[in-house]
Each structure stands twice: as structure tokens, then as C-alpha cells.
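Just below sit the structures, each encoded as C-alpha cells.
First subunit A sits with subunit B, and in the next complex the same chain sits with subunit C.
Take a look at the complex of A and B:
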């Protein structure tokens, strides 16, 4: 940006344009520089480092043998233990994403349609959990689901069960916790999806004789599919890489990629294998995101 | 909604019966808020161990909080980290947003997505990469290590809120100032920055909160020394079963609520959180 002097304004011409372009270039690269430097150090380099590390070999006692082999990368895909961990992670992600979308859809629909004066407060309530740490919310779920927790003491007190249900330190607890923890994300994504849905279409369908179920499945659900798919993708991606909840609610007995990466990096000190497992997480991301893109094109194709 | 403007000769029927739908929504809200509500209740309990229902009510857990040294030092570490992170991230993010919104250049889309992409990269992967790279230069368990670790996950919030402000707020005064002879710097300082200030503040607040709440990167990068509050809480929950974490969480939640109200006032929470 330069000060436009009167003579400059009057002169015009290619020469001035060129000078200005060069100055502009210096300005915008100058503006971008601090950000790009920060991202290089704190983001790009660490990720590239993982990619390089995944080709090394892990030696005894945390030794890293510099190499360029696919040994570490092959291990998660051939070793039956790691294969099981990968499959468990993938299935947990799918289950959490499906349940989370199902649980969030009614709230999102309600908030998008509400004309109540409480709408602002209710929206804030639905999103506010985002701003509390997942550690605190996992802790809350431990209190609810634990063997001395709310659910078990209520059921025992009512005489419905005689021994406490095992709801923590296993996959059940992790899935319940994750569904709740990611609901605000799903709600946010779906509310913006509903914004584009004109309620008059539903009225038109209803006035033409469609019953409530038909209106919902043929109009509401179909038109909100892009939002649903995006929410599904987001929740899946978040849950296959989450660490805190599987660690706290899984109590060491739920083995997913994230907890495995932690153990390999900090307990067993096999960095190449930890890096290889990270590459697998990325690969799962890639698979799901490409599937999503294909689906969303299909879904949006119906609309137009 | 528009139903009242357009005369529809039929009774409006939105899918599923109204009362049943409301009950469903209320139950789902209960599920969503259950862990926060339970933490609130248990924080006032007099139980020595974590269990439900409370045997009585007391403020013991709140009274004991200042004496839990791990929480106090953790809080200190977290506040220092989050403050430094916020300052650096503002220097990174605000100019970048200005460049992205005000200039046309080759690779602009790429740069914009680079700045926003850390949000979808799995934190656990990033944490491992940071551990490997900071370990090499001996910066694990140091402030500079944690701060570097938090940069990429907080910068998207600043870039996004600043960009939204630049796009939605009326910045035509900027052109007016330039035409009237103000230099680019003066126009930026006197016109543009004050106009987009709410966006910048909202972004800064989000960055602070995200850094303050971040557990995984801090755990990887600094777990043997200089533990942040979330790391201390995580370890505490794993090893002890009492309600002091509940009391602490309630305090942190109250703090978050204050922040939420402030951000909502400034620019609307949905925009800031990424709606």
C-alpha cells in the first residue's frame, strides 16, 4: 500500500502499475511472513518429521535406526494386534458418528426452526460444552457411569439390577462419552445446513397431502443430507484421533490408535512405530474424506 | 418464520407430532448437559470418594482447592502459556487475514487453507510430531516448547474471526480515508483495525481458551516437567477418585461461561466457534 500522490494518480500507465504490483507483493508477503514462519515451525515441520520417522526402524531401548524401509509402516497392517487396534478405531469412529448425528439432528432441527425468545439461550446451551475441556466432561461421565455412579446407584436402588453394570473402563463408556462430547460440533454443522432449507417446501408438501412421515423423509431429511454428511465426517474424524476420552473412560482396556500412539511414543519409546501408526490415522482420514466427497456430490446432485 | 406472511389454507404440519418432538429434544439436551450438571452436583458433596448420590453437602472441595499445589502450579503454567500463545498468534493471524482479504496473489487459496487446516489435522499426530522435533532441540518441558506446540491449533480461530470481520463489516471508510490522503498504515491503524477489533478480540479469546484447555499436545511435549492444568487434571483423574476435580471444573466452567457471554456480546458464538 502506498500513498497515492496526486501526480501518481494523474500519471497512470503500465509503469506505475508495475511499481505498485511489486510494492503490493512486498506488503502481502510481509503480512503473511509471521504466520507462515509460525506454522512452519509448529505445524509443517512436525508433520513432515513424522512422515520421515515412519520409514525408520525401531531398535531396542528406544533406539531409532535411521533407514528408509517400509518395515515400521507395514507393521500396523500385518501384525494382528495392530490390525485389530486399527479396526477397533475405525468401528468406534463409525458408531460414534452415527449415534452422534442421530442425537444431534433433533436439537439442530429444533434450534433452526425455533422462533422462541429462548432460542439464543438454547443455542448457547447446546454449544457451550465446547468451551469446557474434554477432561472435565469425561470426568463427569465417570461420575455418571462408574460402578458407584449415578446410573448404577439409581438402578441398584430401584432394584432393577443386583450387581453394578460395567459402563466404564470399556468401549461402552468411551462411545457414550464421545457421542456427548462431539454433539455440539454436529449441532453447529447441521444448524448451518438447515439454514438453507425453506420451511415453505414442507408446507407445500403437507398441503398437497403428504403425511408427516412423508414430509420428513422426502423433504426435510433429504434436503438436510449435506449437513448430516458433513457432521458425520467431522465427528468420525474427531473420534478416531481423540485421546483423552478413550484414556479416561476406557481405563487402559480400550486400545485405539490414539492411545497406542501415546504408549509407543512415551512408554515403549518406539518412535518409528508411533509415527507409522500416525500415518495410518492420516490414511483413515483420507479414505473417509474421499468417501464423503463422493457422497456429497451425489447428494447435492439430487438437489439440482 | 415466514409461515405467517404467506396464507396457507392448511394447518401447518412439521414432521413428527409437536409435543413428542419437544420431549425428545428436552431428553437430548439432558444427555448433552448431563456431565456438566453432575460435576456441579458432585462438587458440593461431602463424600470422601467419588460416588453418587452425595451423602451430604459441603464446600470442602472448594476450600481445599487453593491447597492443591499441583492445581495451583498447573494453573500458573496454563495462564502463562495461554497468554504468550494468544499474543504470538495475534501477530501471526491478524496480518495474515489482512493479506488474504485485501490482496490477490498466486496461491491465495492454498495459503488460506493452510492457515485453517490445523483444525482438521488429528491432534494426536501433531502432538507426536512436536514431541519428536522439540525433543531434538531439547525444548520438551519448556515454555517455548508448549507455546510452539499450541501455535497451529489456535491460529485458525484468529484468522477466521478476523476474516469474517473484514468481510462482513463495512470497511468502505477505508477507501474514503485513502482517497482523502491517508497512508495505507494510517488507514489501517485509524480505520480498519478499530472496525474489525471485535473480530480480533473474539479470535484472541478463542485462542486463549483453546490453548488453556489443550491437553494432548501439552501432555506429549511437557509431561515430566512444566505440566499445564489440563495435564495435571488428566493425571489426577486417572489416579485419584475424589471430587476436587469437580470443584476445579466448576470454577473453570464459570470462567468459560463468562467468556462465552463476552464473545456472544462481541460477535455471536456461532460465528466464533465455526458455524
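Take a look at the complex of A and C:
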């Protein structure tokens, strides 16, 4: 029996490695395929279709005039009305995201920290509002915030105000409603984003002479930034794309891109314009997500 | 030398714990039960015990991270029981090192100085000196996550020492290191601690660490200090069977102490004792033990193992048993010899003679001063 020479062995080894790598690659693609197909059919194709639709022209009576013009897309970018709607949407998204993160942060921090046996129950309670649809919750807020609602009747009864505050059918109501509706998402995202927060780091900072404020600003807040930013992004994206709450709590007077798209698609039946507005929303997402990417890279510079 | 200049102002402080107690609401027994202890200036004291013995709880109370239920803590006579942690001026090294992941090495080490509002140039000099002390000056601008366990541990030590703490607190600082590094870090921490004369409280469950590094060891069990003494005292003269078995390996036999046959040096007396129904053994113990039931301690390496012994001298005790376990590590042999249903452990240097086999009969004996009668009463 002759022994195989070392170089033969090596060649055989390399061959085997190559075969294994090919097999691995085939397995990966095989596993990815169903998901990719789903994404292609359910996401990429409709998106391309919307993009194509945005280049069509809207005719009278909901007619879609097949064309390749920039008219529909140009309209929301040049028309002062649509520009205002876009700016309102953006500002509403920012405001809701900021307030929602501020309101959710203490709750998320508490839940992430808690070692109580009730932690599971408390977490479930915090996200339980998700069990109710946002339609029902928006109506709930109308009941609470309306001119004869809980807030106004209490304040009137206490003599704090003499005329009811206008809390519905305007942006105030929409923001209040959206903040509450998106809090469960923000809380969930922040809890999972607080991974780097180790109480020992705060103890270490305190032992080195940092008082409570310094511990919070230099350690706790700084290390929870990834969770905060992700929650901010999520709430922003959800609020600029949501339609129900601005429509119900805004009572028709709050005009944002989502309600505008709904009107164009379902009421005025101008699909090319609805598609063009959707593209604008998409672009807003893009802007915010790229800002998020840049920031998150900075705060997570931690591992690099 | 800049190193000693920048860090020589560590003023050795004396720590006193008095009646220190921590009772958790959910627990029946206190986690720490009326602890009294004095740590002398410049001493390194190990709190040694199994998990749940209260050693970490004690350290956290000293650090100010936990509020004691009762009792007091004082440093140099000043009561600090209710001083908030950030005003205690202690340096602490955590088990996980607790380095700030968003800061680089120098920022980590400088954090305490920054909190104390030390001027920037001085901060820089002291951080550099502290890093030099742990031989990591070249890593100042690195991210801490990129460092090895041993390096992180040194950074944590430098960060705790750079603020010139009144007291250095170490919470199992070596337990996350691999075995080799652990031994070298032991020596390094000890030599830095001795050079700075920093009064240090050190929590560990590793008896070797405690014996090797400490000036005094407090052996803790169930919230109480079972024994407080020098490493040699704790090892050679344990007061309870818990201390005897936790610090070092031990064979314990129950015995009724026989006749007092004379002085064994110091305050100790030499007694005759019987073990496992055999007479003719000797042991040392404190005076006045004759007639009482006590625990007898014989360390495995103090036992003499013979395979084919000479005829026994009349009255000289010897236990015979079957070798059930055998360990050979090149330089040493360890035996588990079954005598009267229990395994007695013995160790000896490997002499190059043929290695015994399992199943052979071994004869065990000891010199009187190799056996200790524990002062603790057997209930």
C-alpha cells in the first residue's frame, strides 16, 4: 500500500472543502428561496407597480392614462398644498416619535431593570393595548378628549378652564392618540435595545464618584441610545404611514400624506397621484432611515 | 519615578464593620448576620466562602451599593454607613470588570478623575501613570471591548486605583480569567496593593487565591464569619469543620478525646485519640478537651501511606483500608482509601517507587502534631 503524498492529500482536502462549500451554498439558497419569493411577490412587485403608476396621468372619473410623464410626481413637490401636507406629515412624525419615546423610556427602563416576579405580567400589560385595534383606541380618545369628554368636563368642573379645550379634530388630538397607540411598540423595541445596559456599569460609575444625574446622562442614557433611536425610527415610520388615527381624531381637518393618499385612491380616484404621494412617503422613510443609520453607527461605535 | 509619584498618595485607611446585618425581605435568614470585623491599614483581607455565604453582600454594603439593615461601617473612625456610594471615595473592581463600553481605555480610567473635576493636564498625567502601573500604557486609545480578559481586568484595577481610593474593593476579580492568567494576576494585584499600601477587601470563593494573596482571611458561611485570621492560622488551626473543609482538603473523624499526655508547645496539649475503633493515635488541641466528643482533622498530605508496613509498634495506631481511588500527576500520588465504609484521602510525593494499584491494601498513620482536634463541639 502506498501512502498518499501530502500534496495529494491537500488537493483532496481542498476539493472536499469546495464541494462542501457548494453544498452549503445550495442549502442556503434553498432555505432562502420561499422567503425571497414571498418578498418578491408581496413587496417588490407591488412597489414597482406603484412606482410605475406614479408616472401615469390621472384622468377624470378615475381614469388612469397610461403615460410616462413626471406630472403626477411633480405635483406634490411643487404644489404648495401638497408641500404643506408633506411638511405637516414630517413634523407630526417627529413630534409623535419624540413624545412617544419620552413617555415610553421610563416604562421600558423600569421593565428592563425589574427583577420582580410580576415583570412578565407588567410587560404584558404594557403591550396589552396592541390587542385592541387602533380604530377602537382612536374612538376611545375621541370620547376622552372631546368637548364633553373626560378631560374637558373634569377641567371645567374644577374651574381650571371656562371654555372646553379643543383637543379633537385637530393635530393635538392626533398627536395624543398616536403617542399612546405607538407606545407599546416603542416600549418593546427599547426593552430589547437595552442590551448593553448592565446595572454594574452604573454601580461602577457611582463608585467612581458620579452622582445620580451623572450616572444617568453619562452611562444609562448613553448606553440606551441604540434602543431609543430604533424606537424613534419605528414610531416615526408608523406615524407618517398611519391613516386611521389622523382621520378619526383629526376629523378631516388634519391633512397628512396618509389621509391624502386615501382620499386620492378611494374618494377622488386619482391613482397616479396616490402612487406619487406614496413615493414621497417612501422618500421620507429613506431620509429618516439614512439619518438613523448614521447615528446608530456613531452610538454603537462601541464595538468597533 | 512617575508611577509612584502619581499614586503614592493612597492613604491607608482602617475599615471597621460592627454588627453589620443585611436581611432581605423575602429571606428567612439574614444574608449577613451581625458581622464584626476590623481591617487594618494597608492589609488585604479576603472574604472567603461558598456562594450565598454573604461575602458579596458584605462588600456591596461597604461600597455603599446596598443599605445595611443594621450595624455600622466606619473608615478611620468616621461612620459612613449612610454615605451615598459616590461620596465614599472607594475604588471597586467588579467581577465583570464593568468597563464602560462606549469609552476607550483612557476615558475609562479617567472617569473617576473627571467626576472629581481634576484639572485636565493632571487627569492626563495620572491616567498615564495608572496605565503604566498595570503595563498597558500602549493601549490608552483602544476600545475596551477589543481587549482580552486579563487586559480588561488590569484596566478595571487602574480605574479603581487612579482616584486614590481610601479603600480598594475587589469582587471576585479573577474568576473570569483562565487558570494560568489567574495565578499571574494574583501576584500582580498583590504586589501593586502592597506597593500602594492600599487597604483592600477582596471577595473570593477560591481558597488558593485567599491563602496566596491575603494578610487576613475571613471565612464566611451562612452570613457569619466562621473564622478570621492569617492564612496560616486558618489553614493550620481551623476552628470549625466548615473552615477545615472549605480551606484546603481535609479528612475529618469523630473522636472521643483521650488522655492529655503533655504540652504540644504554646497553649496546646497533646492528647491520645481513638479513630474508627482503633486506639493509639495522637493529636494536638487546646487544653481541657479530655473526655469530650470532637472532630479530628488530618490533612491528606500529612497522612503516611504504607503498602507493606513493618510490624506495628505496640500502641501506635494505624488504619488499614483498600485503595479505591488513585490519582497520579507525575510529582504526586493521591489515594482514596476505604476505611470502615468511608473514603479517607491521602496524598504523597511520588518517589519513583512502583505505583500502587486499586484494590491493594494501604496502611495509614500520622504523627501526633499532624492531627488537630477542632475546638468546635460536636452536637
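The rule we apply is simple: the second predicted complex is superposed on the first by the 255 of 304 C-alpha atoms of A that agree within 3 Å, B and C clash if a C-alpha of one lies under 4 Å from a C-alpha of the other, contacts with A are read in each partner's own complex, and residues count from 1 in each chain.
One rule holds for everything that comes next: contacts are C-beta pairs under 8 Å (C-beta built on N, C-alpha and C of every residue); 3 or more make two chains touch, one makes a residue touch a chain.
Only a predicted model underlies this, so the values are computations on that prediction, with no experimental measurement involved.
Of the two partner chains placed by superposition, only subunit B is touched by A:144; subunit C is not.
Of the two partner chains placed by superposition, only subunit B is touched by A:45; subunit C is not. Which of subunit B and subunit C touches more residues of subunit A: that partner is B. Contact with neither subunit B nor subunit C is seen for A:286 once the two complexes are overlaid on the shared chain.
Once the two complexes are overlaid on the shared chain, A:266 sits against subunit B while remaining clear of subunit C. Touch criterion not met for A:59: it reaches neither subunit B nor subunit C.
Of the two partner chains, subunit B is the only one touched by A:127; subunit C is not. After overlaying the two complexes on the shared chain, residue contacts for A:223 are found with subunit C alone; subunit B is out of touch.
By the touch criterion defined above, A:27 lies against subunit B but remains apart from subunit C after alignment on the C-alpha atoms of chain A. Judged by the touch definition given at the top, the superposed model places A:206 against both subunit B and subunit C. Residues 200, 203, 206-207, 215 of subunit A are contacted both by subunit B in one complex and by subunit C in the other.
Of all residues in subunit C, those touching subunit A in their complex are 63-65, 84-92, 94, 96, 98-102, 111-112, 115-116, 143, 145, 159-160, 163, 169. Against subunit B, the residues of subunit A that register as touching in their complex are 1-4, 24-25, 27-28, 30-32, 34-39, 41-43, 45-50, 53, 103-104, 106-107, 110, 113, 115, 122-144, 146, 148-150, 153, 177, 180, 183-184, 188-189, 191-192, 199-200, 202-203, 206-207, 212-213, 215-216, 220, 237, 240-244, 247-248, 257-258, 261-262, 265-266, 271, 274-275, 278, 281-282, 285.
If you check the complex, the residues on subunit A that touch subunit C are 196, 198, 200-201, 203-211, 214-215, 218-219, 222-223, 299, 301-304. Subunit B contributes residues 1-3, 6, 8-10, 12-17, 21-22, 24-25, 28-29, 31-36, 38-39, 42, 49-53, 88-89, 91-93, 95-96, 98-99, 102-103, 105, 111, 114-115, 118, 120-126, 128-133, 148-152, 155, 159, 178, 181, 183-185, 187-188, 209, 213, 215-216, 219-220, 223, 230, 233-234, 237-238, 245-246, 249, 252-253, 256-257, 259-260, 264, 269-270, 273-275 to its touches with subunit A in the complex.
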